[in-house]
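Here subunit A shows up in two complexes: once beside subunit B, once beside subunit C.
== the complex of A and B ==
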């Protein structure tokens, strides 16, 4: 049994090697790298939502509204104010976090379904602002000309992020950092407090947890990560468009987290990869994505309510005969 | 300085007066029983003392401090630890993690600091104590079992162990014996006595199992219709005609 315990780690290392060498094995297929970058972007937002939903028990249906907020803050700063990518990214993350904290504080007055409806409403509201505030966001047509990060130079070596492999490594590095952050948060006293709020809020309170403070923090953190994802997306696609941050995208992010496995560290990665690649692999139009994911969700709810990561974990427990808690 | 001072508590739910001038003082550590017929206001009193319900009027003082307006998490950190009538544990966490959660720091700054320093010294330090207490209630073999897989009686014991882990000065136990089979009841009773012998704290125990509470507590407070009806030793309370009337009348 001890020898078998190495398998998940080995799989993780293999996946990491696969991702790191993608520009090599996918050389000549920019399409593959393109999809991997999109997966990275989706997974960053999904990590944010996983912290809120999977660990803190807060189901937000307006998550991509905060991604859009961050995206537009950065896009306007980069296009109109000529800011650099990194300072715009930091500012956007902070702006999303503050908006998340303030909006969260309003939403926490409601519970369960009502909480979800209020987050949905704020998501719609943020989207309406992006779509209609023509002077700043250029409205529904989108804000074109968002730059990639400035090239890095060491002597004669120049790394330009206009090239896909370089941008891929940048997106991958940010994604890995976000997953590391998720790990740090989840496997700590902070993560344990969040878990207690999800499992039994009354008990958490009776044990001394100031529930509102922790909910606000996780909402702010999740929104900040959504903002980072949004900035990366508009910099990658070079245009900020409101349609990327509408209600449908918010719901998709919830699906990504649930199908991947809410409350599992690898859940957002699994969900995002599946979400981006599955419809492509089946060569279906984008419109079918929702149908596939909807169908998948029904099957998941019936047979694997903990998502793919949860299913894998249960199977793993069967194989090793390990009955202990996660 | 008294441990707990309840003064003139009133609480109405619609037309029902759950607490009607409830008034008593717990002067010193000890095992106190709180009994009364159904609807006497015992659980409401617990909720008011624990801070989950705000009284309409009256005051609660804890260790000489007026805590009437404090939210429940602040009272918990201040040294009031409660168990629930319906028994609450974290279902997904293992028994050990349930107990360790009760002992861990709950402040945001402390939690974030721990997250980024990965400092587990506190956790390691309390693990021995957690395992010792789990051993006292014979759950050490289930230390790594998710709490959801325990029997109801075992969950009660787990909840009880967790209640001690925050080093409280006042413990509010809401019907700890209900739903627990006689064999586990003995374990539970021994555990409370052992913990009391180790450190004199104030226990306030709501209970319907008369045999259990009369053997355990040295001072019984009887509530009836939202007020304190009688108070005294188990013998005195059992002999009181007013108490008999409240229960039978």
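== the complex of A and C ==
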């Protein structure tokens, strides 16, 4: 039994080694790195939603609106005000967090259906602003010319993020930091309180939990992570476009979280990798990919609402008879 | 000014009719199943596509195309209810996420089958002009309003006076009590779901010839329908009608004062303001336990 317990960790280490050495084994296939960067970007937003939906039980249907808010704050700062990447990233994350907290405070007046409809409305509202505020966001055509982060220099060594492998390592580092943050949050008191709210909000309140405060904190945190994902996306693609942050994209983020496994630490990574790479591996056109994922989402809700990570966990329990933490 | 106002009011009634068709369907389903079907917009789209397909490939008769799109949406509705919403009954979160999956599935299936570009659907009634005073509208334009209002009246009478309509209302009020007094609740749920989907199909079939048939054509009616429902009061049938119409007219009339870019934002503002200050809506029904 002790011996078998090492399997998940070994798998994790192997996956990490695989990711770290990707520029080596995928040398000559920039496409693979491109896919991995996109997976990183998707998974960062998904971690934000996982904290809200998976751990806090808050079904937000406007998540990518906050990603767009962060993305546009950073893009405008970098393009028009010539700010550097890191200061723009920080400012965007803070802006998304503040917007998330304020909008969250309005949304938390409602539960169930009403909460979902209000988050949907705010997502649409944020998208409408990006799409229509031509003076600042350049409207539907998008805001081109978003720069990559400035190169790092030590003596003669120059690391330029215009090169794909370097940008990949940057994205991977940020992604790993975000997953570490998710681990810390979930294992902290905040994570336990969120679990209690998800399971029984009324009981949590009766036990003296200030539900609104904790919901607001997780909404702000989730929105900030969405913002970080948005900034990374526009810096990678070098253009900010409203279509990347519309209602369908918000639904896709829910899809990634649910298919990966809501409420599991590795869920967003599994979901994002599958979402980005599977259709490429099967060489599917974009519309068929979403037909398949849409169908998969319905089927998973019916038969395996705990997602892939949840299925793996159940299987693991069967094998080992272990009932310890996720 | 008076003429411009009248023109915008009639435009607004037309758009409002489409919102009402979507909103009514969602309210009926919400009442008996206690779930908001977020996939209702894509069912609206599908109504348009089935209509244009039948018109161009089966028989060039508009009423027949409408009937066929309504009928196929009824069948689809029964299937969705049986396969997706009923098995997930009682789990709101999973039902809503499954309905999001349906949106992705159906909308992209439409793109895969018919392509992402908009289809034109030429019908004679859009070219036939009718004069009201010095204003001219297409017969189709006015037809949408008339058909919707007639349908609302029929549905109202059906719900109020028929035995089955009473059963639907009873189930909306309390499912448990309905079971206790022997109402076939499952049949009520199935039929209401089918009727809701038929209304969405009709909406898509009606608007298709007027604008274009394209994969995202249901997105706006979905959002505006939701706004109309919230405005009228969640779960209230008269509320959905008044809310949808009011929203359509307000939007249209607002274009006289505001740039048209802001027209779509009015629905969001209405939703947020209503939820903040009068969450029970204009027709103030009780708020259910989960509100």
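Rule of thumb we're sticking to: the second predicted complex is superposed on the first by the 322 of 326 C-alpha atoms of A that agree within 3 Å, B and C clash if a C-alpha of one lies under 4 Å from a C-alpha of the other, contacts with A are read in each partner's own complex, and residues count from 1 in each chain.
Note that in this section a contact is a pair of C-beta atoms (placed from the backbone, for glycine too) under 8 Å apart; a residue touches a chain by one contact, two chains touch by 3 or more.
None of the values given here were measured: they were computed from a predicted structure.
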So if we stack both complexes on subunit A, do subunit B and subunit C clash, or do they fit?
fit
Spatial angle subunit C-subunit A-subunit B, Cα centroids [nearest 10 degrees]:
80
More residues of subunit A in touch with subunit C or with subunit B?
C
Considering only touches as defined above, state whether A:124 meets subunit B (first), subunit C (second), both or neither.
second
Thinking of the overlay built on chain A, is A:255 touched by subunit B (first), by subunit C (second), by both, or by neither?
second
Tell me which partner A:9 touches in the superposition: subunit B (first), subunit C (second), both or neither.
neither
Please indicate which partner A:192 is in contact with in the superposed arrangement: first for subunit B, second for subunit C, both, or neither.
first
Looking at the overlay, does A:294 come into contact with subunit B only (first), subunit C only (second), both, or neither?
second
With the two complexes superposed on chain A, say which partner A:110 touches: subunit B (first), subunit C (second), both, or neither.
second
Touched partner set for A:82, first subunit B, second subunit C, both or neither:
neither
Three-chain overlay, closest Cα atoms of subunit B and subunit C, distance in Å:
12
If we count contacts the way the header does, which residues on subunit B are in touch with subunit A in the complex?
50, 52, 71-74, 76-77, 81-82, 84, 88-94, 97, 101-102, 104-106, 108, 110-112, 114-116, 118, 144-146, 149, 162, 166
Which residues of subunit A touch subunit B once you look at their complex with the stated criterion?
184-185, 188-193, 195-196, 199-200, 202-203, 205-211, 213-214, 217, 323-326
Quick one: which bits of subunit C touch subunit A in the complex? Just the residue numbers, please.
30, 35-36, 38, 83-84, 87-88, 91-98, 100-109, 111-112, 116, 219, 223, 226-227, 230, 234, 261-262, 264-265, 268, 271-272, 275-276, 279, 290-291
What residues on subunit A touch subunit C, complex-wise?
57, 59, 61, 106, 109-114, 116-118, 120-122, 124-125, 128, 132, 247-248, 251-252, 254-255, 258, 285-291, 293-298, 300-302, 305
